[in-house]
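Provided herewith is a single structure, encoded as structure tokens, for subsequent inquiry.
Think of it as A, B and C in the order they're written, each chain with its own count starting at 1.
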């Protein structure tokens, strides 16, 4: 398989897993099949559509390659029928989700750089690609976005680290395929360790001292 | 009147009714006149703007023909002053809303096909045109979107059926005006029957059996 | 300093203050540093990105000038560390926020007019530029948008007034720099007076009379 094919297959796997996370939330909230499909596709495709609309690459990739649509709908239908099985595989889902996070933040950053955006802007769009769908899922399902909450294990920060690696390497003219692979693996590993060790991002300190200083100790929750 | 004029007049009626549904929710939630106008315009125009931004037809139709703006604002102002009357007409509103659903999912699908999108993508965009505004309304008003909830009578599914008819007929090169009319009438009738008979979309089954299997019997609520 | 430089500096100040309002809400809700940065950038840049995506000027200004990104992130970091100080400056923040409101609704309207949109559409986009970020902030943070609530002092209405002045003057071919300055100052003053005197927008009247007629008397709350 060529490198392009590998990336493409990984993308489809990533979309499937992202869509599954949306579908599981919809099942959990008691939504109907329409809600399951809506939440699955929004989670899988939201970040990429947002990126493409912002850089002006319309119609977005999600609307030019039909597989990008078929996969999330398939994930929704599968989850609809066998959600208890899917739920029992939740560790597997989380691992693949971490892989998707690494992949999408890297490909998103590269695409933004290819469209001539500056480094910092490309980093922001890369992270948006990876985390935008999940935020959209939470907004539609009326949950406080996991992304902004203090009790979520690091998610956006590994993605930001990976996007930064890509942007810096792009500035230094390093060979992109190698860099992209390393950055994606870095994000993947970083996210896995963050989940295992329950790393949290700091929140702003506050007084009285029962919550002070929130980032100086591991929270036990 | 030419067919184009008929469609245009129906579109304005549809926008008026969609805007009214947004304005009524705003009144119901005690929002001020700004909230009423925001919710009315978001409900009426949200789906079409989303479609046009995604296919890259900017500025969206809502910003090129001033009537598309004037009508929702007028609906908001009328509702502001005579909302008890409007509320008493709620059956009328629902019937016109079903007509708008049929019209917008059909015109949305056709527009997406005209822009060269594939069948499945066009179906998705057609449905988005019809239901996107209502979802935006619910998100702004902090309601769980009616679209995803199990106790809402079928709404997205009639729209999907109509969009599918259009996409299949387009593939088969059938004459579009006739097909579009049939598809819109089909959606309209399907939605009316779904409301009368309280058809719901299935939700995922779950155990214990008190909720199992939720789609095998008419829910009485 | 040229007029362009003055506008640019004011824009950066406005972005800083908008971002601070987002960051403060994130701190208040106990979000982590990721949430603080997300809410700060969404509040500062959301309205402008929405405007640029709608008129088709992609990538949006927020992605072509890196300072538009750096300033909100800086505001987030500053708020993260010294939020009690920032909070004590809340009157200052509100005054600068009013200045930002005036500036962004005027520049947004002018940009939309420059892109050939009609007067009414330009007014809508100008107001969207000014208030869109705040609405996005509230949606992400799961608050009912302040914009639509009856107990918020006038916010969108001063912006609408300023945008209308710009659009009418543009029709009348008046000299734009002078008009823009007057309109921005008008919005600023209007908003300040609205805050001092607690002017509210009317909500729809309702029966029984304990809430009737809600716009005929100053609400004391």
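The working rule: a residue touches a chain if its C-beta (ideal position, glycine included) is under 8 Å from a C-beta of that chain, and two chains touch if they have at least 3 such contacts.
Being a predicted model, the structure only gives us computed values, none of them experimental.
In the CA-based superposition of subunit A onto subunit B, the rotation angle is 120 degrees, rounded to steps of 5. Two copies of one chain, subunit B and subunit C, form a contact in which under half of the residue numbers belong to both partners. If each chain is reduced to the centroid of its CA atoms, subunit B and subunit C end up 30 Å from each other. In subunit B, the residues that touch at least two other chains are 53, 56, 139, 142.
Within the complex, the subunit B residues that touch subunit C are 26-27, 29-36, 38-39, 41, 49, 53, 56, 58-60, 63-64, 66, 69-70, 79-81, 83-84, 139-142. Every residue of subunit C that touches subunit B in the complex is listed here, in rising order: 53-56, 115, 117-118, 120-121, 124-125, 135, 139, 142-145, 147-150, 152, 155-157, 200-204, 206-207.
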